[in-house]
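Letters A, B, C and D name the chains as they come in the text, with residue numbers starting at 1 for each one.
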């Protein structure tokens, strides 16, 4: 019997979710929900599934077993509350919520939920980061001394998110999450420094550096910048270095694999996160969605739990506080 | 309703196949077939499925819908003949056959087969190569001028294959297949040169260079070597450069992504072909198997057809002839 | 007429200096000075030049035109004072001095010196960094938004420097200097965080992160760590990223160029700083010494002046203060 | 006493030579020779040295000790004959000559010459290749099994050389020379295949592949292509892989070190061959010229002798013959 799935929010990311569900044999993409009339009509045409304008109606449909919620951050809380009310299995795109208090509320609401609830930190499914976690657990790497993590990208991104999200919440949170996961203990203090230059008119940060100290004494230094030139051949310059008492590991950017140089463009496509082969999605997001469906099918615990998603949000909050107060803050 | 699958041959590669089937929701790994008693007992324990010693018995089981055949090259012909006799969907690990005449027989047998028959050239599912094929088809790249392809690896590999397979058939055939696919026309002549030094005692080649000329005039230069040192941090040094009348594309090795340096070892794991995350397989092989299952479920044509698999075999044959005769040969 | 040169201090670095002088036609390596009797005897044998035990005697020799001072940091002040007293052209290995007050004294002493006085920040002669400086000056790059700089290396280094130097002064000062040079304005505040783990018993830092803010608002994030594993194939993992209002530039590590993988070792030699070809030195240090000799020969101003060397020392001091006080400090 | 030097031919490469001589203390750039009146006037202005229109007059000037000959290939023979007649030390830009018979004549003329005669194969001074040669000699690497070498570049190059030089002679000869040097034995046979596509109208090759077999049985596979797109960020994509019975070594391209991405251009400058810092040349060519001057000053043997230069020419000739005859040829 098929698992019936709905995708709530058919923007860029929601579309990737839908494409992934469509790829899994015997998962049925039962419905998509999209507020914008034009896009909703396209979706109906393209996917041949039921469409909804109002996500509440969609979530109320008893046929649906599982949902991807891919809405703007400030709508996460309410959408999850409805999905829980109707007993759906839930894959919520990161972050948990836009405001810390909403995150706390969702944490309380879902921590003992008897269906699957997970948050889409797709790097947990990325081989590069998963291999480090495994080496830490197997003690092939030793205790962490320090970590450097970068996640930089062209200015085309933030121009799409004006007013909707900022750099710490949208970008750096990925690294916060996997570093929390690597550390296996709580972050205790944060010093962060940011600058607004090219994005100053939109009241957004160009760059943030955050130094996070953990209970075990280890230091993480995070860099996020989203003002690289538009013609940057690299779409996401993501790097990580993790120095331990027994050796070091390095993550190299997601653009390694394939490079194109033509008179029209120089492009090193992202070959990790959501690349397409023969029209079908591959990569981290596919693995995340396959992981979610396997949890639904087999009743397994998801890789990312709500406590972790809430902790990442707390670090984002501390970064913003530190930048505002101009000093190191505690969590 | 589940698709019931069997894996014929539970060596290293067959085990990857089994792990992949186990990962797909609602595919049932129904049976495994393994000649070696000890390994068969392990498989029974590990996978909790039916086990067979004799693949003919296994293929005769009417419950089975689809099979992966992962046997030594010289057993491919007979195994496929039985699988066809019993009407199974078939995923055959590359190459098509050990001998050209067996390949021809299988081509004749399966070219009009009404079930799925495909051969496991997993690079067809590799984003790096698929992205080039797509760019060629979209005319983002122009006409091919020449291609260089490398596939080098440590000496641990051939030591496992002594007597069973040689370098052109086991390794270079991957590059032959995707280059044929890129070219979209027939190879017409081959000059190849090889050497036996470290593997001379086993009558195997250390290295082969082959220059293949195609109908369209384009030249491909292939390098395969499997005598890199055992401690080589790179497991497969696979590269490709494709120069066209409208720009160039580069494939970088499968080890880009993650590097470990510890006092015990320096290792850059393969992050493309069959890497595991949380015990579950990812990468090209997973996509190949998902592709096979989707063909079975939806009745679609497989990405690799038998004619292509046979053509790759013809090029391997020409390479061997050229090395034997010491001159350029025609196909 | 030859320029007569002496090298004061024939340790590892002094030996590189001597080898470089020996390579320049018509420069005469006139004398070497070395406290250790055994090493002094070797030097006499190897270089066939005059040798001194006491550097004061050496500096008093009127035949000598120019000297390289390559002594422990805490001896820099006195040695420079003598060299100035005897009117020598001086190339002092970095840093200017061990203590800030000694640095200030040397700054006062030499700022109007009528001979050449320069400090050996060899990255000023490194094409990678010089190309960025040039692109900044030509406005090919825009205003600096932020800079990330890394300089990490295996634990073999600090084990040689126990008690003599620490990480900020010995390593990070290189990046401080070229970042000051890039910025073209004063650093105003510093937040630094360090850790002592593997080097805790020696009271040395394993790692330091420093966030330096400049008058122009730009942020620099510096990482230095010298506890990578001994078998690290990379000797210096030095990287720099500089994001500007008109594009970005990246410096890649000094080990790019050549890699060896043998059963005995995996080594990616430093191909930038002081590599040898046919027994003769090349690279940044050679260029630095050639630059010094050209200043001596032609009366040109050196690339690095004492004010810059003193400023780098002030930033090192601020880094140490910030780590001690646990908060951001001002310069 | 200064060494007085003249540069014969002040095109792009001759200008690099002149800049290098000017950089060496106590070498005097005494004269430049340039046929083109406009360029000669510029040179007089820029370098403030004597200028000649006719190189024979220049070579007849008794003040000149040493000359760089940087003329078109077909003028090499006569120019060297004059330089020998007047007893100059000679640095001849590669190749030895355009025609094999001219090369033979120069070999006979200079093999016992009592002044310095050397040919400018600058990769002999390149750390990347020199480090391999040293590792071979020290037996850190074992016996060579095979070598792959690439030297590819954008189409801007050949458009400058129309009619003057072709790919094997201008480009591939660099790799031929260092591979001969690595092998330490004679090349015995060559199979080469080339194509003319984008350069067909100029009767020049776009790409050549050559498989050279040596007396010791080792195989070298050389690739040269100079039709990469004009906007290729990499100026020379030069790679080498050398597999031996004791490990492998890899040369990475000369563009590693610094990358620029701006809205105007994406450029990874060559940081090896003739890069400039503060207006002064560095890199392989500087080392070559310093090496030449040191031979002149100290009477040492040059690194490249005429026998080696002639051997490289013989391999070029064999490559051309193989392409013409469509089969493997012997030397």
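We adopt the following convention: a contact is a pair of C-beta atoms (placed from the backbone, for glycine too) under 8 Å apart; a residue touches a chain by one contact, two chains touch by 3 or more.
Source: prediction; values computed, not measured.
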*Selected interface, B-C versus A-C, where C-beta contact pairs are more numerous*: A-C
*Taking mean CA positions as centres, which chain lies farthest from subunit B?*
C
*Measuring from the mean C-alpha position of subunit C to the mean C-alpha position of subunit D, what distance in angstrom results?*
34
*Using the average of all C-alpha atoms in each chain as its centre, how far is it in Å between subunit A and subunit C?*
42
*Roughly how many whole angstrom separate the Cα centroids of subunit B and subunit C?*
52
*Overlap residues in subunit D, where contacts from two or more other chains coincide*: 228-229, 232, 246-248, 261-263
*What residues of subunit C sit close enough to touch subunit B in their complex?*
228-233, 261-263, 266
_subunit A residues touching subunit C - in the complex, by the definition given at the top_ = 143, 145-146, 148, 150, 152, 191, 193, 195, 197-198, 206-207, 209, 211, 213, 217-219, 221, 223, 225, 227-229, 232, 241, 243, 245-248, 326-328
*List of subunit C residues in touch with subunit D within their complex*: 2-3, 23-27, 125-128, 130-132, 135, 140-141, 246-252, 256-264, 269, 271-272, 275, 277-278, 280, 282-283, 287, 290-291, 293-294, 297-298, 303
